[in-house]
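Some structures to go through are shown next.
Shared chain: chain A. Partners: chain B in the first complex, chain C in the second.
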Partner chain A sequence: MAVLHAWRAARVTPLGELHTPPRMTAVLLRLTVQVVLVASLWTGLYAHTGTTAGLTRDQAVTYAVLAVLASRLRELDQYAGRDSVIQHMHYGTIVYWYLRPLPPQRYYALRALGEQLYGFAWALGGYAVALAAGVVEPPRSAAVAGVFALSLLLGQWVLYYIMLVTDQWCFWALRNNAAVMILVFAQNLLSGVYAPLWFFPDWFVTLSAFMPFQATLSVPLSLYIGRIPLSDAAGQLAIQAAWVVILALLTRFLWHRAARRVISQGG
Partner chain B sequence: MSASIEVRGLSRTFHTTVRRPGFTGTLRSLVNPERVAKHAVSDITFDVSPGELLALLGPNGAGKSTTIKMLTGILTPTAGEARVAGVVPYLERERNARNIGAVFGQRTQLWWDLPVRESFSILRDIYEVPKAEHASRLKEFDDILDLSSFWDTRVRHLSLGQRVRCDLAAALLHDPPVVFLDEPTIGMDVVVKEQVREFLRHQVEQRGRTVLLTTHDMTEVERLAERVVLINHGRLVLDGSLDEIRRTFGSTWQVRATLADAHTDVVPPPGIAVLRQDGPQVVFGPDGPDAPTVHQALKAVIERYEVTGIAIDEADLEDVMRAAYVQAGAA
Partner chain C sequence: MHAVRIVWRVTRLNFRAQLEYRSEFLLMVAIGAIWQVSVIVFATVLLTRFTGMGGWDSSEVLLIPATRMLAHGLMVLFLGRMFGIGRDIQEGRIDVYLTRPMPVHRQVQLAYFPTNAIGDLTVAAGLMAGALSRSHLDWTAVRISYLIAAIIGGMLLEAALFTALASASLRFPAAEYWARWLEELLGTFGSYPLNVLPKAVGGFLTYALPLAFVAYFPAAVLTGHGHDTGVPYWLAAASPLLGVLVYLASRLLWRRSLAHYAGVNA
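So, the complex of A and B:
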């Protein structure tokens, strides 16, 4: 039965999306436009140069397109459905999360898993099209593909916890709009969605190494394009795993504290 | 038989920060916040027997919802203790969750973007209800609440009445022995309200569920509840039957008599006062705690005076509760 409730909770987001075709059309359009623009931009930037910041044109375009696709894995739209923490806090329906025999943290995790798998389906479809069109390069070897997959998994795990922290913030502040805006900007900047981190000054790269964002996308994508050699992969994977553990402990503590913050509204 | 809900000296105090008025006051509040304690619920004690429907009444801000939140395990009391179906709800939240169902007014627990039936299926799996049992219960609920006409519709497209009916079904699908309903019919039209009342009656009388209901709808109280607990300012004011409430707070009747002789010297019977007199028109009302019922007063007036016309105005439960709230608030 535990498998059944896990399955039901995980498919809440995909099912909600399937019931809303306009949202899916919007995702398709946005993804297509973003991939085309990003590929054109980086191709143009490399028109008169061979290698910049240790990246060739093909590596840079591959990185940028994969970054766009991977950023779709967990869309940061909190208002599409009514099953986000901010919405539940706003409507006072968060109480129901605490009235079921399924702990809120497990329900949240299952929901997020379904959401990420749904996003993964989109990213995989986009990757297949981009690969067939020759926009992105395939991984250089099976070993690179395997390490990339592992690193992407850890990166998504880190991203899950970062988003969970912003959601947990709602238990104290009721809203997390500012936190989400900062997160989206920091996530895109420090994980290399706007531009690969290799293009930033050394001090910026050093600074970002002390934050978890780099572990979400920059590390797996750099492994994919070969900017981080396989020989350095173990260390990078260890850092990603360390972020998973640190954030898991933090969010566990916050869940515990949040349970005391379920707002009692009304007499 | 032990009670389904046992509440002993239950209290809950919230600590809030007082915001001082004005710009300077706001800055001072930021630097040196003033914390105050608000006693939302103070030392409440009552029991609810298995298969009983109890109405927990009180004006807005009386502490009804806070009490329900403690009994559902969402809030931990500051003092006192509670047991629901033998479980201390705030200590064993998950175990308690299997024993209770809850509806909080217009706040839906259904999944907004999904068809209602999908919400029911999610809850079925979360509560680990066997499929056959789920199907038969759903049919039973459908017979009274007429859910099947809209259960394939997405929740966001339902009317309020449809949604609340679905929420009621969702709260009871796992067959909980105890149900908490916090103003379940608020904002609903009379037809749907009656449908919901019939459903609740069926659940209490046929299924033996224990229901704790809060509402401001006195018709609902009259039709559903035999016993009422009245709280105000977080304190229990009265625990008794509707008749007791009427006896305590409901002496607001008036007997309007037209006397045959306008010059009669009106000396009212014991426990009855003359409220107004305009020639032969005299209005009698209750006087003191030992006032007779309206029917006793009617008989006494007819026996004592020669009357050519007489009429009575008896307070309905709404008036009774208004008097109860006012008196309880003044106490």
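So, the complex of A and C:
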């Protein structure tokens, strides 16, 4: 029974997407154009350059295209479904999350899981097409593929907690628009979506090592293209796992504190 | 004059309303700034790692993001509320605007004060000052006038693209999805010479999605690369004028779309 309830909660956003074909068409078109543009850009940049920052042209293109595909994993429009935390805080309906037999933290996690699985299907489809078209390189060995898959899983886990923290921020600030925008910026910059972190100055790479963002994308993608060798993978995976634990404890604490701030019908 | 006075009073009220949530206000100013910093970081990283990009030196390339960011900041300040209109349509606010004695377009623009524009414009002005100080060009009155015209033209061209999407949103509210993508494309691909891209891709960003006219072509004309853009020189030089024309066309489209607007549930 619990599995059935979990399934029903997890499929809400994907079902919403599946019932709006124009949005799916838009996603498909956007993803295709973005991949072509990004691959063209990095190919063009490398036209007169050999290896730079330890990356060859093929590695840079593969990294950039995979970064575009990975950005699809959590890019769903929850706002249209009016089930974002900021909307519930604004309309006062957040109280219903606390009146259901399903705890709010579990409901939130299930919704996020459904979204990430749906996004993963898109990313996987895009990856298969890009691989068949020769836009991205295949992993160099089965071991690399396995480590990459594990690292990607941990990275998405970290990303889930980071997004959860910005939503939990609403319980104190009521609004999180700016926080979300700052998060998107930090995530894109410090995880290497704009450009692989290897292109940045050393001080920047060192600084980003102390933050959780590079664990979300830069680490798995660097493992995939071979910029982080397999011999260093264990350490990187351990750091990712450490961020999962730290953020899990933090968000658990915040859920606990947030519950005290929810009042129904004036208290 | 009466209309200007109303616009000014509403804007002042909107600004005070933004101050209601102080931390959100400061964060929004910050986000405008750091959003633009991300463009600078991206451009700087590319310039450092890939020198001589497309045959342009770094001081010339800097003029492209500086022009684009100033144009974008001004667009956000004056004409940027078209961006989130899908939400207004979904929540029925357009229906309310239609009953008031003020043009709907103006009411949309006066819906709230764009706090993030403060940060946008601060960083953009700083980058432009940096780009001009590093430039080896002789900044004559004609060049300066053309640069100002290019910034205004870029602002209008960007506003035209968002107005066209807003017009589509009146019939298909989900079209707002495209606006987010458009902003991302403008930020990512509007900040360096497009001749590094294959011709087909450059053609797409010129004729299908005319972001090359926002900053790349005007900067090419100013820096003497106007003949190497892949389009006739006169067309590249006419970018500011094109911005005005496309904006006027987008307003006509908006008016026509609004005349056929039947409400989100119709």
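Heads up, the rule we're going with is that the second predicted complex is superposed on the first by the 259 of 267 C-alpha atoms of A that agree within 3 Å, B and C clash if a C-alpha of one lies under 4 Å from a C-alpha of the other, contacts with A are read in each partner's own complex, and residues count from 1 in each chain.
The rule we apply is simple: a contact is a pair of C-beta atoms (placed from the backbone, for glycine too) under 8 Å apart; a residue touches a chain by one contact, two chains touch by 3 or more.
Every value quoted in this text rests on a predicted model; they were computed, and no experiment measured them.
With chain A as the common reference, chain B sits beside chain C without any clash.
When the shared chain is aligned, chain B comes close enough to touch A:Val262, but chain C does not. In the superposition on chain A, A:Ser231 makes contact with neither chain B nor chain C. In the superposed model, A:Ala47 lies in contact with chain C only, and not with chain B. In the overlay built on the shared chain, the residue A:Tyr96 is in contact with chain B alone; chain C does not reach it.
By the touch criterion defined above, A:Thr20 lies against chain B and chain C together after alignment on the C-alpha atoms of chain A.
Touch criterion met: A:Leu37 reaches chain C, while chain B stays clear of it.
Think of it this way: put the two complexes on top of each other by chain A, and the tightest Cα contact between chain B and chain C is 7 Å. Residues 20, 80 of chain A contact both chain B in one complex and chain C in the other. On the side of chain C, the complex with chain A involves touching residues 21, 23-24, 27-28, 30-31, 34-35, 38, 41-42, 45-46, 48-50, 52-53, 87, 90, 172, 174, 177-178, 181, 185, 188-189, 196-198, 201. Contact residues on chain A toward chain B in their complex (touch as defined above): 1, 4-5, 7-9, 12, 15-16, 19-20, 80-83, 91-93, 95-96, 98-103, 260, 262, 264-267. Interface residues of chain A facing chain C in the complex, by the touch rule stated above, are 20, 22-23, 26, 30, 34, 36-37, 40-41, 43-49, 52-53, 77, 79-80, 173-175, 177-179, 181-182, 185, 188-189, 194-195, 199-200.
Interface residues of chain B facing chain A in the complex, by the touch rule stated above, are 14, 40, 58, 60-66, 69, 72-76, 93-95, 97-98, 100, 102, 104, 107-109, 111-115, 118, 121-123, 125-128, 154, 156.
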